[in-house]
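Next come the structures, one after another.
Consider the two complexes below, in which chain A is the common component and chain B and chain C are the respective partners.
After this line comes the complex of A and B, so read on.
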């Protein structure tokens, strides 16, 4: 076996279920799964993105249909239709007990349910324009 | 494909012997550039019939102590194989089956 030269990570041990933290140090979910992509030319498998969000966890727990529906639903609520549960590895600042990201928590799927309820339910209730005392 | 799907994959030797499912994956950041960082490449898989204590790190995570727990955990899970991805001959993600090359031999324990 050739000697590995780059940073080494054990996916189940050091990645799955780890806490995610955004660029303002706000906790913003956990690593629910990892996207793997084949490079057919090189016959190499690359880890390309961290997946985090309610749909991703449901799929990992075996609820494939519900998970896929949730992922598609939250992607449809974004402005450009991108999947907010997909976090490319290139925006990860640090791997440790907590995984630090270079993005805002508001851009991720972890708070998608809260955002949807805020925009589609709470904002239509009279008196929604001031905070609770 | 997803890491959780790889964990559901059964690994077989070239002569058809079932080694067990994939329990962990070693990623090495030495791939082509993706933005300002290198991509993580799947370098090796950990295969075992039983997963007792595997996520404590005694088998492949460099954890050494407490030695009493290490002895118990390693005794409970004897057939743990760390297999380089280069030893994978065929991978069928749909059938959740992974076949190793005939040249692969278990590392001496």
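After this line comes the complex of A and C, so read on.
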């Protein structure tokens, strides 16, 4: 990270595999990978986005084809075809043991299966809306 | 009063962890076979679980992160996945045995074949998880589990020669009738039972469920210092009673019903009732612990919303996992597998996977990002390091010993 931020983040230690939380404090996936972009003019690598979702995790664990297929699949489910597993750093509100985002969990690839299970399984069981406290 | 009730997370964790179906039988069996010569293994295990549970409770209170979060964060997705697969499998074995244990406890009271009661036990476990608030759950089953203290009452009523009992426990020897390998195998089983990973999965996730913060660090300490030693004391009481009553008559223990015999013979009918309630609560508590842990560890690995502190529909995948493991556990239990054998294997296999869970806890209990100023002190790190070495040695020795002794036969 640039010195202008006043704090160095060690991507492997303080970014990878940390918990993500959306703007309503809902847990919404982990940092499965980080997108790095090479700047030709400045000759440096910039971390440009957090990558999170089933396809991204599969890619990081060496399952390239399955991963690419999953990433493409989740992108095809969005209205404008954008990649919901790519989270740009500008929506990050806070770094720490938890990384707070300024987006809705529902817009992220990591939340797609959660929605499906909620709508097709759990919402059919009586008492699913009952807070346990 | 609220202070008093706040210790039940530790009490339930410990009772479910220390005196579930496998441990009840393992403690009674070791008491009958080895007298008090293995008591030290329980004590070593209690100290270890106290040290590590305190750390993971502290990390959970200060960062809101439970154990499997830490495992993935420190080991990376691959190693953490290997740990997840192993822990999940062991957890499923334990859950199978506990559901069968609940059914056996019910069948001892109702005289119906326990296989018929397994579906009922499974439905009850799921209903409690689905509807009962977390804190009510830990209080009800923690409190009922305390009736196992009747084992201690029975030891006291039996009136043993206390100085010989302590002397025997403090100067362990390998009995002439047993080989050193089986002795070591049972020592590992007792140690593994005390430090089973699902205890820290459940304890740390429970701390998040109860929304512990920095203010609760004292509660955390009290929980581990009361809960786990209590669990250990119960284990020792079961072992001692079996040593006093069963060993002189050369009775070997292989069934849950045999565990209740010495209490019935010493304390009588009321004692038997207390034991049955206690066994029901302990196995039920362990079933809750293991089925919730299955959901906790998968949810935390993938970063899903998890836990009972949110509405069920807000942690949909978590509840689906819990539901599936309960169904699979019940079906497996109905194949007439011997629940005692199943837990004995799961305890020993758990011992092989221990370092992968405990190492990340130790690292992050020293990370200021997570715990701020409440890092481990030097003494704590020293003890924890000693235990990490023990854990690694135990995990290396487990599988060979299992083969050499043919699982303690």
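Everything that follows uses one rule, which is that the second predicted complex is superposed on the first by the 108 of 133 C-alpha atoms of A that agree within 3 Å, B and C clash if a C-alpha of one lies under 4 Å from a C-alpha of the other, contacts with A are read in each partner's own complex, and residues count from 1 in each chain.
In this text, a residue touches a chain if its C-beta (ideal position, glycine included) is under 8 Å from a C-beta of that chain, and two chains touch if they have at least 3 such contacts.
A quick note: this is a predicted structure, and the numbers were derived from the prediction, not measured.
Applying the stated contact rule after C-alpha superposition, one finds that A:48 touches chain B and leaves chain C untouched. Look at A:85: by the touch rule set out above, it reaches neither chain B nor chain C. In the superposition on chain A, A:8 contacts chain B only, with no contact to chain C.
When the two complexes are overlaid on their common chain A, residue A:34 makes contact with chain B while staying clear of chain C.
Residue contacts after overlaying the shared chain place A:60 against chain B and chain C alike.
Shared interface residues of chain A (contacting chain B in one complex, chain C in the other): 14, 16, 60. Listing the residues of chain C that touch chain A in their complex gives 63-65, 69, 72-73, 76-78, 80-81, 130-135, 302-306, 308-314, 316-317, 319-320, 369-370. Residue ranges on chain A touching chain B, taken from their complex, read 1-2, 4-16, 33-38, 44-48, 51, 59-60, 88-92. By the touch criterion given at the top, residues 1-4, 6-7, 23-31, 34-44, 46, 54-55, 57, 60-61, 84-86 of chain B touch chain A in their complex.
Of all residues in chain A, those touching chain C in their complex are 14, 16-20, 26-30, 32, 52, 57, 60-61, 96-98, 110, 113-114, 117-118, 121-123, 125, 127-133.
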